[in-house]
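See the structures that follow.
Two complexes, one shared chain (subunit A), two partners (subunit B, subunit C).
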Partner chain A sequence: MIRSVIVYGLVSSAVLALTAMGFSLTFGISGVANFAYGAFYILSGFLVWALLNYLKFPFVLAIVVTIGVVGGLGFVTYWSILLRVRGVVLSEVIATFALGVGILELFRWLGFVTYEFTLPSFIKGMVVIAGVPVDYQRLFIIGIALALVIFLYFFTHYTRIGLAFRGIAQNERTAISLGIKSDLTGALSLALGSAMASVAAIVILPLGIISINTGYEVLLIAVAVGIVGGLESVPGILVASLILGYAQVITGTYLKPEWMAVVYLAAIVLVLSIKPSGLFGKFKELEERV
Partner chain B sequence: MKRVVILGFAFLVLVIILGHAVNAHSQPKAVDPIIIGAPSAMGHPNVLSGWKALQMAAEEINAKGGILVGGVKRPIRLYMTDTRDAEPGIPVHDALLATEKLILERKPHAILLGPLRSEVLLSSMDLIAKYKVPFIASQSMVPLFQKKISDEYDKYKYCFRNSSNSIYLVMYLQGMMEFMKKEFGFNKVYIVVQDVLWAKGTGEVMQKWYKENGWEVVGFDSYATGATDFSPTLIKAGAQKAQVIMVQTDMPQAGILAKQAFDMKVPGLIVGQIVPVAAGNAWKTFGGALEGVIITQYEIGSPPAKAVPKSVDFVERFGKRWGEDAKNSMGALGTATAYDSLYILADAIERAGTLEPDALVRALEKTDMSGAVGRVRFDKTHQVVYGFDPKETAMECAFQWKKPGRRVVVFPEKIAEERIEVPLSMK
Partner chain C sequence: MRYRKERLDRGIKVRCDDVFALSSYREVLYLAMPKVLPVAILLIFPLLKGVVGLYYEKALVITCAISLLALSWDLMASVGLISLGQALFFGAGAYLTGYLNYAFKLSPILTIPLGTIGGALFSTFLLLPVLRLRGVYFAIVTLTLPLLLGRFIDTTKILGGGEGISGLSPLPNLWFELYVAIFAMLVCLFGFRRLINQDYGLVLQGIRDNDRAVMSGAINIYRFKVEAVFIAGLAGSFAGAFMTHYYQFVGIPAFAMDYSIVPLTAAVLGGPGTFAGSVIGAFILVPLSEALRGFGTLRVVFYSAILIICVVGLPEGIFHYMRRKYHQFERRREIG
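Right, the complex of A and B next:
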């Protein structure tokens, strides 16, 4: 049983990391908490499904188009909605949350409530690891989560845009004085975060079906992982995902599965009371010390 | 001569006017439709299917001229309203307001479908009592519905239900388990339920029953609505060598459980109510990962049972009317029963010969007809009787997913079409 816990704890952690990374990236760079994140996740699922089933796109093309469209939607969201309320945190949250609810409830109104909406697995089949059967799709989730982390590291350390992202994240005014465009960087961060929501949806949704309510749950997961790890920290997201992922599987296996949902909330309360900026968060660290 | 012509013309005009007046006076009821209200949670797949079935029944009856009321055939006119009671965060009173608006605006002679959520159905009963509108519910299973009628008959006598209820659901589960114990010698079960009242209640009743009937319950897990990882349960069920994993859930994410069990090669047989994998298109949706899964279905119709020809006929006509996609996504509860409900009402109206509510209630109580779900009769609590013989009662069923995507009725024995197949690893 312990081997199963280790393997499926890792899968669960990878799912959490993949789900939360885009949300964390956007917040870390632009300071915008994109509460439409869960809606973009579900939108991606339905878009791929529609491209595959209505327009008969090849799977790879459907994926590329969807990531592009949802990333573009993130970019447009910044310029059309967030620019006007930029800096007013509560307004940013209300604006993005309203957008998210609007998108999700639009799908409900359009009748996307039945159970036939799902995405195909990349490769069918399974492999036995240390005596534990695991399907290929779950291995893809682990692999793509790792690949995204590595991509983000190189992107933010070795590309002009990535360095601009970090500059804005570290000190926006100084970055502006060096010629970095704050709003363009913010819009790009929202686009990249939305595209990552899209990647997460395309990889994770084949495990089950596309359900509108999942959009709200994805947002809760992203916020929980972000708060525990530190909203702007990629290593923090990884560590938080491992903690929460294993805590969930251990709770479900050795205690009761109905308490698995409590793990998120308990972790949020615990971290906020001990280290409000999160395990790896830097933004409010100085304020906390003072 | 001229005077004769004028008088004759005047007489002719008089005859025509009088003729029209008499005609208009004698036939107003022939064109007055019978108004049927259909308040329900239209955003839920089950209700969507039920609404389609109801429209189909109305079209069929109207094509034959309508319902005979006191010697005059009157067409049916349906009015739907969305109570949204399946959506998260919708308060009960919002759903009730929608229902009351329908009653006040449309003044229906009867109400069909009805709310999906138990608490909304129970609260709606007071509205029905207030306005005295005969009501046949087909979308909710809460047993308290019957208790209210039994406790205060005069108040709630307008309420009827032709879909199944949780008590019958448990009866079928127990019958199914007895059958598998006898057939395969199974006696180890792992119970998995969604953390909601109906599913937990069903799980607890079954847990007690298992223990009293020689089964070993090796685990009992409940998952919060929206859970997406069921590996803890599947790990434990595998380790404990459970032969049956009994599942009770209606959340969309529950499909992951069946697929994950398939991927993890868990040897136990999955049996129970997993709504997302019950529809005809689920095999395709889950890429064939459902082989061997047994679903206890709240009513026959999805899938039809060959032993009940009306169920087969109903499904075929549903497919012709709404298309194959609609047929394959037909809900687990409330489609065939929604269809039957209009025929039950039409039969009662014709026997009563009036639309007067109390007379209709008396006629409904005497219902005894053959429907798409089997024989339809109401008991004293206004609940249609479900059992194991379609000649005697209405029917639920259990079906098993078999290659290449067939839903085969395997229980009860009177309507079973093939034997249950157990996974190779359990033989």
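Right, the complex of A and C next:
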């Protein structure tokens, strides 16, 4: 029992981290809370499914095309909608929220609600770790979550675009005066965040079916992890994912699986009342939150 | 030859904007019309059952409920608190009313006020730790709260769980339903408009525009935020409490996304910050959505499209536009 909690807690933490990373990345860089995040996640799932089943793409090609398309969609969203309402928080929030709800409900209307929509796992089969059977897909999730964190670290520390991202995040005006384009960086951050939603969807969705309500849930997870960890900090995301992931698995194992969703609410309320900036968030603390 | 557009205030507007120096009945009419005419139409509408049909009479009740939610959204937005979860107020009021009626067999005369106040208190209490946040953070939390509460009720199977509580006592008759809904809406509309123009409302708007400045004026902004959320909660919870008895049912749908996104769309379409705009928005959207009932969830897509278009293309809203057209006339002038 305890061993299975340890192993599956890690898996569930990796799922949470992978889900939340794109949302927090976009927010950390451009200050745009992408409320269409969950919709992009589900859109990626259906896009891969459609490419595989209607156009008979090979799996790898379908994945690459989907990540590209959803990333591009993020870019276009920024350029066509968000750029016009930049700086007005109310409008930004409403616009992305409306876009997200619109996409999700459109899928619902088109009838993507049955149980036939599943993505294939990369490699079938399972392995026994410390006496607990784990299938390869779940190991992939842990691996890809780790790979993405490492990639992000190197990307933001050693590439020009990555450094521009950090510059804009730290102080937008100074960054502009050094010749970093604020709008382009914002658009790229949204594109990258959306592409990461797409990666998360492709890796995580094979565990279950693609359902519309997952879209809202993903947003909720991203928000809960972000608030607990501090919205713009990568270490915060990792620690928060570990806390929430294990808390979830422990409630699922020792209480009832239905109580798992309540963990998020409790975590959000607890963290907000004790340390509103999140466990690791310090930057923008004074200006934005309190 | 090139032209430019010139806008001029009407003479009466210049004279009567703050100092009332009316010189004829025509001017009295000019000032009173925009308020009296819609109210009169609203009050007469329930009498026209034979003309408009029962269906649209019932749609009016729903419209009033959505208007109340939109008004409460607008009041919170006036304090700078952007809510994406008006369903929280609606659901809290609805469930409390439903439970009181179901468990203690109280009559609607008692349960609706109790549910309104209790629901507002409950949601204010729930939002209390979050009120220190502003902007995006507050929006994020309000979006998740109704979803989580709905899930909570579903999983813990309290308050009827997934099936909800049905067979609640009905309201006396259609007339009662219509007039209570209309009066509640009008009281909120004119009450909020008056509130926001007083010193109290100025503080609220100050918090939205620059909370630091208000704090430096030795004003406790959290007290004002809590009070504003409570007042907004009263309007929202009343809608929930009333609709519970109207439907004679309360269930998870009370926390549904519809009750968050429709009031939001109404307020944004009508023009945020004016209250009248929220009501106008609701009176455009809800009948439209009743007419489009056959399209199912495509209606939500439709709302989303309206929202995006309004936010990007018409940020001032319909009400501001109408008011400008009413108070000013435009003419083309040659420019040399």
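Everything that follows uses one rule, which is that the second predicted complex is superposed on the first by the 283 of 290 C-alpha atoms of A that agree within 3 Å, B and C clash if a C-alpha of one lies under 4 Å from a C-alpha of the other, contacts with A are read in each partner's own complex, and residues count from 1 in each chain.
We take it that a contact is a pair of C-beta atoms (placed from the backbone, for glycine too) under 8 Å apart; a residue touches a chain by one contact, two chains touch by 3 or more.
This is a predicted model, so every value here is computed, not measured.
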According to the stated criteria, A:268 is in contact with first (subunit B), second (subunit C), both, or neither; which is it? second
Just subunit B (first), just subunit C (second), both, or neither: which does A:97 touch? second
In the superposed arrangement, which partner chain does A:55 touch: subunit B (first), subunit C (second), both, or neither? neither
According to the stated criteria, A:108 is in contact with first (subunit B), second (subunit C), both, or neither; which is it? both
So, A:118: does it touch subunit B (first), subunit C (second), both, or neither? first
First (subunit B), second (subunit C), both or neither touched by A:129: neither
Once the shared chain is lined up, is A:35 touching subunit B (first), subunit C (second), both, or neither of them? second
Touching subunit B in one complex and subunit C in the other: list those residues of subunit A. 108-109, 216, 256, 258, 261
In the complex, go through subunit A and note every residue touching subunit B. 1, 4-5, 8, 11-12, 15, 108-109, 111, 113-118, 120-121, 124, 126, 133-135, 138, 207-209, 211, 213-214, 216-217, 248-249, 251-253, 256-258, 260-261
Quick one: which bits of subunit B touch subunit A in the complex? Just the residue numbers, please. 43-45, 48, 87-88, 195, 221-224, 226-233, 235-236, 238-239, 252-253, 255-256, 259-260, 263-265, 275-277, 279, 281-282, 284-287, 325, 328-329
How about subunit C: which of its residues touch subunit A in the complex? 77, 82, 84, 129-130, 132-137, 139-141, 143-145, 147-149, 151-152, 154-156, 257, 261, 264-265, 268, 272, 295-298, 300-301, 303-305, 307-308, 311-312, 315
Any idea which subunit A residues touch subunit C in the complex? 27, 31, 33, 35, 81, 84-85, 88-95, 97-99, 101-102, 105-106, 108-109, 216, 219-220, 223-224, 226-227, 231, 256, 258-259, 261-262, 264-265, 268-269, 272-273, 276, 288-290
